[in-house]
Amino acid sequence: MALAPGVRFAARALLRPWALLRGTTLGSTEPAAGGGGDGARRFGSQRVLVEPEAASGVAVMKFRNPPVNALSLELLTELVISLEKLENDKTFRGVILTSGACPAGGCMIALSCDCRVLADNPKYHIGLNETLLGITAPFWLKDTYVNTIGHRASEQALQLGSLFPPAEALQVGLVDQVVPEDQVQSTALSEMARWLAVPDHTRQLTKNMMRKATADRLLRQRDADTQNFVSFICRDSIQKSLQVYLEKLQQKKG
Amino acid sequence: MALAPGVRFAARALLRPWALLRGTTLGSTEPAAGGGGDGARRFGSQRVLVEPEAASGVAVMKFRNPPVNALSLELLTELVISLEKLENDKTFRGVILTSGACPAGGCMIALSCDCRVLADNPKYHIGLNETLLGITAPFWLKDTYVNTIGHRASEQALQLGSLFPPAEALQVGLVDQVVPEDQVQSTALSEMARWLAVPDHTRQLTKNMMRKATADRLLRQRDADTQNFVSFICRDSIQKSLQVYLEKLQQKKG
Amino acid sequence: MALAPGVRFAARALLRPWALLRGTTLGSTEPAAGGGGDGARRFGSQRVLVEPEAASGVAVMKFRNPPVNALSLELLTELVISLEKLENDKTFRGVILTSGACPAGGCMIALSCDCRVLADNPKYHIGLNETLLGITAPFWLKDTYVNTIGHRASEQALQLGSLFPPAEALQVGLVDQVVPEDQVQSTALSEMARWLAVPDHTRQLTKNMMRKATADRLLRQRDADTQNFVSFICRDSIQKSLQVYLEKLQQKKG
């Protein structure tokens, strides 16, 4: 996942559905003072940069974990902390996450968002390519894929480890808009405005209703799933195929 | 919901799945005598008018509860009584419901039908716009929406309170046909003929198999859902946002 | 179902999900010696012919139960035996099933495959037309239909007993490719190569994850479903409508 323009927003993450219930309403929201250059409000950590958008109540979050924005424990920890800060700051009603090409982990984060905007550039792909690395997508990621693109498309894409270029991603429903590269962020902001035009409370209750079954199933089986994954990933054969993949990434870097 | 040409039919309503099991068969059906002008067979109440279609075994039902065909207790009671009359009269094998623009309640009734035909006129919209009124669609209506247009489209449309104009309604799968305004009823009758060409018994068993899980879930949680809704709708904040909406409707009327 | 070019492959059948877990891997697979004319490897029974494809690890299976490839007990028994032979022979990693027009039973087998290729000829139809014969599709076949083409399309197609010509089958998602009649088998082989490019183990685990709930539900209720079906099919009225249908088939044969 490179630092490049795949933008998605409102990352009320699947893992943290309670975030959906924050009692912010449209009228009571204090506009963010200043724009992207507002040093006072801008914050971030080593790997996650958060910039407020002027007067819109929206924060833009960027990953910077070169070379491929790997979702390391450090990056994920900083992501969670940044999201919590935003959730506790009533100034913000929405979040735009900016990423690059989105195989596997990047796609997972995109799927947890309300909307996905992709740059119309063949170098950006999105999808869950786990099988190609010799591993399988976990059930809760499969559930989210099925919710987004349907059962049949998921069955095929998950087995084949398909990464979709922009036009195909749009057609299968994995992204909602494909726009020229220099319009990705402005499109995301326009789209965000549509969502923020709806009263927060009822929109969030509705989102919770749509995603609760999937999130509950994940939470209920999280420990067992973690143990299964750890034992699976530690097998020699799996470690070997992952090593081959990592060496390929190293070559790209070098 | 104004009296205007959005036509749907075979209202074997979601709420009354047993109606699907009526043992009428094609051969044993007595044709309705006379046409729409057959005063002897035409019946109706203050708010629901029922007209038999000549020789086709089909009844056309029209709402007349101006200005917007609000689904008041009175109208719904008359609707249920009219449906029961038709179910007990073996002359009739299908029902065409005629309505106008279909936000919320009108869309709900349309979703319980087997097929939806919409006039190709931008003034007719269909969808579930509850969030815009400050309320949320109940789970059983959400389930029906998901059954019809899929999970992802429902998630987006329910959160945004989307009302679809004809072309978009067709594209998302919310209606099955969009035709010129003066062909809506004839299209519905042709479409009905396709459905009535299939033996009633197996068609109804199949419909029941498709909708039973959704209907059972509603029936199982109906009391709790009613209580939740009543307590929700009685909140001051919700009453206030509904009042704003009703005042808008009044202005349109005046 | 005539002997004609509807080709599907990798029939790791819904009924036998454990077949998905066979530990074959790409590297350890011994190529099949010879081509379709390899008499030593070619096997088959009276109604099911199995031909290995040269060096590809793929077997092509053909039904020959004239006039319509009815899924008789004998044919199904031979099919299961042939699949078991292939599963126990590590030479083979995939199966291509060749059939003709695919109403009901033929469609059922196609749905259990990973991918479906249909000849672009209006004489080939595919679908579940049970209601037209006066019977209903069983719940597990309905589940598989819904997994493939979605809830709404299934509801409509199952009630109407729709048989889709090639273009419509492609559009609704019932087949994955429609190609000229003389390219069906080569297309199936190319497509198969895409699937076999993915490591068997993770692809099969993924397939199992996608289909397990449906298969489990079938296995759990199989005895009750069999009893229900037998008592239903033995009714005089159902026997009569089936007899009418069989007489039509006889006329086509004669």
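Side notes on the structure shown:
Think of it as A, B and C in the order they're written, each chain with its own count starting at 1.
In this section, a contact is a pair of C-beta atoms (placed from the backbone, for glycine too) under 8 Å apart; a residue touches a chain by one contact, two chains touch by 3 or more.
Just so it is clear, the model here is predicted, and its values are computed rather than measured.
Taking CA atoms, the transformation carrying subunit B onto subunit C includes a rotation by 120°, reported to the nearest 5.
Judged by shared residue numbers over all numbers used at their interface, subunit A and subunit B contact each other through mostly different positions, with under half in common.
As a whole-number value, the distance joining the C-alpha centres of subunit A and subunit B reads 38 Å. Among all residues of subunit C, those that touch two or more other chains are 150.
Across the complex, subunit A meets subunit C through its residues 130-132, 134-137, 139, 142, 150-152, 154-156, 158-161, 241. Put simply, subunit A touches subunit B in their complex at residues 114-115, 146-150, 173, 176, 194-195, 198-199, 201-203, 205-207, 209-211.
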